[in-house]
């Protein structure tokens, strides 16, 4: 009897995006090269709309910013899963970039970024641990408060 | 009869930079490790001068910003080609980072970034597709409106 | 008689951080996948405190900003060394990201970034050369003036 991958079980038991959001430009959601998968910067879109808009600390509070980071992370996994077929093929996350549209005084980007980091570990367990860079930006695309990108290690596609 | 790589043909038929711009600091234009090539952040320099300067949406309009992004992408390919000898060795682009010096209200960074993305696909075709992150920054080095960095998959150097 | 790796000798002869700073969130200081090591964004912490705080060019001058970048780079190597056991396993640096909290007029991010680039080459020699992206950001985590992240090529762990 096949064991269900815990990340795949998490995915089946939660309300998750049906697949990758359409890229907002002339690029791909995910590119895989050997054991490395590069996932494009993700916005906190749900059903095609941003959860929230604006600068964190000025127009968006901490709980909303963290929820937006979590949604970005979920969308990153949805894009990755659509490309590689199953989260069971995720060996380990490698690098997570979290970019926070910040007011001129805001310096708590790591707290916002934890919204993404914790989702990755909730879904993938130990495999969801990662290195991270969290930066303050000015306005971001579509006026999103957060954008998350991902590099992951994946296993080779299993023989059919 | 050897077939000319389409990207090399594009290169020979267009006015392109003679080679990599000198780095503006203590770093290399490109580092190759195995199948991965890392290209340093590129500015829209042509003959040693920025095409345009300033914040997009405040001092630089959309067409100029897109042209600048295109020039950055061209310079990234010139740097990569100088390092690996021929664009025929580019297997696929992996990650493109586009950083846009943005006015406090500007949120159309993906449209600017398309200037780079479209050049990559014009030169490399399907191999030029990539994952992407587009961010809004404040002022950038030398007051450039755009900076583009690149990670690419390359093939091993052919035996002599 | 075993030769001492020059980078390890440098390390033994200088006052260096005892190990990685504790991550400021739910992530790891370093993740290694095959020959690639991803080091999280580093702040200019020494004994748990930022060397200096604020926006470069407004609250922080160039020499202090360069010293901060140097400390970030030292902390990145300390984190990497703690993970892989010895700097002798560093084959080559690949990508260095330097993010500078910048005043609205500041455009000399490459000069700040040289503080990090030069430290890498001082410790690692030719192996410390790297590709680089230097960006201007707004406020950064904890109000640091600089943040540095790193991707490095490492050799496989030697057999015991």
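We call the chains A, B and C, going by the order they appear; numbering starts again at 1 in every chain.
As a convention for this text, a residue touches a chain if its C-beta (ideal position, glycine included) is under 8 Å from a C-beta of that chain, and two chains touch if they have at least 3 such contacts.
These figures come from a predicted structure and were not determined experimentally.
When the CA atoms of subunit A are superposed on subunit C, the rotation angle comes to 120 degrees (nearest 5). Interface residue usage between subunit B and subunit C, two copies of one sequence, is largely distinct: under half of the residue numbers at the contact are used by both copies. Taking each chain's centre as the average of its CA atoms, subunit B and subunit C sit 25 Å apart.
Contact of a single residue of subunit A with at least two other chains is seen at positions 36, 137-138, 151.
Touching subunit C in their complex are the following residues of subunit A: 35-36, 91-96, 102, 104-111, 113-114, 117-118, 121, 129-138, 151, 153.
Per the touch definition, subunit C reaches subunit A in the complex via residues 23-31, 33-34, 36, 38-41, 97, 99, 101, 137-143, 147, 149, 151.
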